[in-house]
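Letters A, B and C mark the chains as written, and numbering starts fresh at 1 in each.
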Amino acid sequence: MKRYFREISVTLALGLVLLGLAGFAPAFYQPQPLLSLATREAPTLVVACGMVLVIICRQIDISVGSQFSVCSVCAALLAARGWPLAMVVPASAALGALLGAVNGVLVAGLRLPSIVVTLATMVTLRQGLNLVRQGAFVNLPDSVQWFGLSQAAGQWTLVGAALALLVAFGLAMRHLAAGRWVYAVGTDAEAARLAGIRPQLVTFLVFVLLGALTGLAATMNLVQSPQVQPMVGAGLELKVIAAVVVGGVAISGGRGNLWGAFAGLLLLACVSPALTHLHIEAYWEKAIQGAIILLAVVADGVRQRKQKF
Amino acid sequence: MNASGSHSAGWKSVVLRYETLLFVVLVAEWFFFYHYGTTTNRRGTVVGFGTLDRQFDILRHSCEIGLLALALTPVILTAGIDLSVGSLLGLCAILFGKLWHDGGLSIPAAAALTLVAGALGGGLNATLITRLRLPPLIVTLGTYSLFRGLAEAITHGAVTYTDFPAGFLFFGQERWLGLPTQAWLFALVAAAIWLLVHRTTWGRAFRTIGFSPEGARYAGLPVERRVAQVYVLAGLIAALAALIYTARLGQAKADAGTGYELFAITAVVLGGTSIFGGRGSVTGTLLGVAAIAVLKNGLACLPVVIRLNAAEEMSGLLTGALLLLALTGSVLPKLWSSFRSRHRRT
Amino acid sequence: MKNPLPRILLVLGLLAGLTSVSAADGKLMITMMPKAKGNAYFITCKVGADKAAKELGVELLFDGPTDSNAAKQNEIVENWITLGVDVITVAAENKEGLSTALRKAQKQGIKVITYDADALPDARSFFVNQATPQGIAWGLLDEAARLCGSEGEFAIITATLTAGNQREWLKLIDERLAAKYPKMKLVAVRPSDDLKDKAQSEATALMSANPNLKVIVAICTPGTPGAAEAVKQAGKVGQVKVIGLGLPNENKRYVHEGVTESVMLWNTSDLGYLTVYAAVALARDELKPGAKTFQAGSLGSFEIRGDNILLGQPFIFNKGNIDQFDF
């Protein structure tokens, strides 16, 4: 119980919000809009899965938003050239993995601080994309949207895929040796090394994995609409990091899990539609989001402080 | 980090110091842009980078980000970080505008209250970080949203405060004793921070804490109090930057300072301050700010870049590249020596 | 590498390239600043501007912030001042924020023209007025009223809460709403951060929160296709109508599918063309204060009212005419 305090408290908070909505704005619970909301957040969840690993490994990656944009535009251009989706998706994931590998080499190979490295790659990728594309939309062929399936089928496929990835990663982190390596490296890299794990390799791989997942997420977003805006993914890094952290993944590494991050993401994803449903003016949104992040961490801080004394 | 008492180390350590290298890069950059960014226009007047006006513009444009970078230097020295300074700048600008315009206060009174508000904002960060021992990255990520959100909530996003009196705009738009007025303020703050960090035991504690908070505690330093002071100071300086921003543009709006925190962090890190704390200097930060400002403004004067219509993108790209280069360069000697020692052993 | 000479020559060649481009060739230098560079609206504006610059044999610099930001616009104008350009044309993000810098430019003998969004009148010579804020705001509202029969709920999607032009349009919409359409109710104003995907999420939430919603009005260009996609996915085509500002190419498919009723836009390419023509005429002293008409190349004659050069009414694209446009 104590071990999962944070995950439980976030889930409770989420429950409270959902209950409040049920009381004051029952219109929130309609299957179609909810499915749409879930579909819109599915790519974010996929990126969050990767981010959880990176943060547990005591690193951070703030370049995911830019990676997402670059992968989206490249994938869209390929699809517009008539590549089948079966090739676009792996290509985008590979591109993402490559971008992640750049971060990985700099962080794990040269032992540079990840926050600064990814700050630099974030700016470089974003401005590079601006330079090349000048903001032009990419129109996609009709066969791309919803994989050429019906809308409902496409939406369920995306949501299902994201949840399947979540479950797979959740189980892997707990039951596979590789998952425990990530915790070990994040808790104490030197101890992990002495235990026979190669911390630099693990660090490199989590960045590559996050990149690949970001590339995959980009295509999951791509198939949702018939055109792609190069600005897509701006601010994604903050959204994902906030969700992961609210969900109890410790920024100091080694602690947290995917379920908490999932609850955190759901909580933050509900804020904006909840405000619309409760008819609260939009200018409160950022302040409320900030307050939620602070409350989540403060609750944890207060509890730990109580334990100490 | 500073040169005092290092005579015995000889000239080599001075020349090879990171700050010196950065200074050389800055000078080279400046001359490059001076040479290639200065032209004569159709009417035969000298225009571009080489004009005095341009140099003053560089000073004026980099003041606010420079102040934030100065504010962040002690923070990062203690191994902390503050993502909220840009948002706090926005909130303070709004508060200042509101106090003066709606509150009917005089400019000095409104400015003083704004500074207090900035310190309070920093105090909120400080309380959460030191009292509850929360990681600074998360706390300031929260206040990053919170401060910006409050600025939008107060103005409903809509109100823009303008028509400030000329006496106030003087601080952002005019010159005093030959230099843009805000440059003097900036120099004053820079000198104060330099003295604080490098010449007082108070400031030296920042680096000690950054190196090892436990060690600092055992050495009898009031770690929590020092860390708290660093964030309050950052809030205070962010408020000052808000005043200068408002004076320079002649308007206060809820989007003031958006994204400035990233520029400021970039400048600090480029200046050689370690993001892990403990290592770094105010001189380095100043050089970092200057290097970025000259790059940004210089590119905007370079004919090739102008014709590509890509000054902002290019400066973003090159700043990112410069940062990566500086980071890589700073670890190469260490990697090389560890590589050599490993080979000697085998 | 044994012989460093080729490399040195290469570097020297590159550096020589840097200077040779900068050699003054006596052409007029006109600058044009959009509110945000990546925005499709201003990209098409540049197309027309480039065409005009070519016809007139002047040099056109087109630069602006990548996100709409008053501080950055200010810095770019000040940069242009020290570059000694001949005319500065800007779409001001915010009236007051840019006027100081523009006045400074005028003091240095640089002519200033605003287009798309005006600065303070004393900070520029002419304003190329593509459609008054009233024209846009009222036009959109009237179109919304027509679609819902002047009664019922509608919602608005904006770019950001702080964007100057959006605030002005909202204010005008509010005023006209109170005066002319008492039975229409504006249920929400939601920002989309100029992101199409966010506009889509917002529109989805708006529709489920307000089941009686009849019209969504997007007053930023990425918002219109975003809202249309949301309506389509919610299966509410015909029940909720979308109108807004936008470019034909981004909205064609939705207009044909009947999701988007109409898209409003002045001809942005003409706006750029006219602005550059006006700028050059001003620099050559052919356009003077007090003029009543203005001749702009292949576009013909334009009326000048006061110091506003009028481009004409905003254009409404709908099913019937949208295929004739490609921008």
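Brief remarks on what is shown
Just so we're on the same page, a contact is a pair of C-beta atoms (placed from the backbone, for glycine too) under 8 Å apart; a residue touches a chain by one contact, two chains touch by 3 or more.
Fair warning: this is a prediction, and the values are worked out from it, not measured in the lab.
Listed by label, the chains touching chain B and chain C alike are A.
Across the two interfaces under comparison, A-C and A-B, the one joined by more C-beta contacts turns out to be A-B.
Per-chain Cα centroids separate chain A from chain C by 33 Å.
With centres set at the average Cα position, the gap from chain A to chain B is 30 Å.
Residue positions 127, 130, 281-283 of chain A are each in touch with at least two other chains. Across the assembly, chain B contributes 152, 155-157, 310, 312-313 as residues in contact with two or more other chains.
Annotation for chain C: residues touching 2 or more other chains are 37, 66, 161, 191. Partner chain C is touched in their complex by these residues of chain B: 36, 39-43, 45, 47-49, 51, 53-54, 57, 60-61, 152, 155-158, 160, 162-163, 169, 173, 245, 248-251, 253-256, 258, 297, 300-304, 306-307, 309-313.
Considering their complex, residues 81, 128, 131-135, 137-139, 141-150, 152-153, 155-157, 262, 265-266, 269, 274-276, 310, 312-317, 319-321, 323-324, 327-328, 331, 335 of chain B touch chain A. Of all residues in chain C, those touching chain B in their complex are 15, 17-19, 21-24, 26-29, 37, 61-63, 65-66, 69-72, 74-76, 78-79, 81-86, 94, 96-97, 99-100, 160-162, 164, 167, 170, 191. In the complex of the two chains, the chain C residues touching chain A come out as 36-40, 43, 66, 161, 187-191, 193-197, 200-202, 204-209, 211, 222, 225, 229-230, 233-235, 249-250, 253.
For chain A in complex with chain B, the touching residues are 60, 106, 110-113, 115-117, 119-124, 126-128, 130-131, 238, 241-242, 245, 250-252, 281-291, 293-294, 297-298, 300-302, 304-305.
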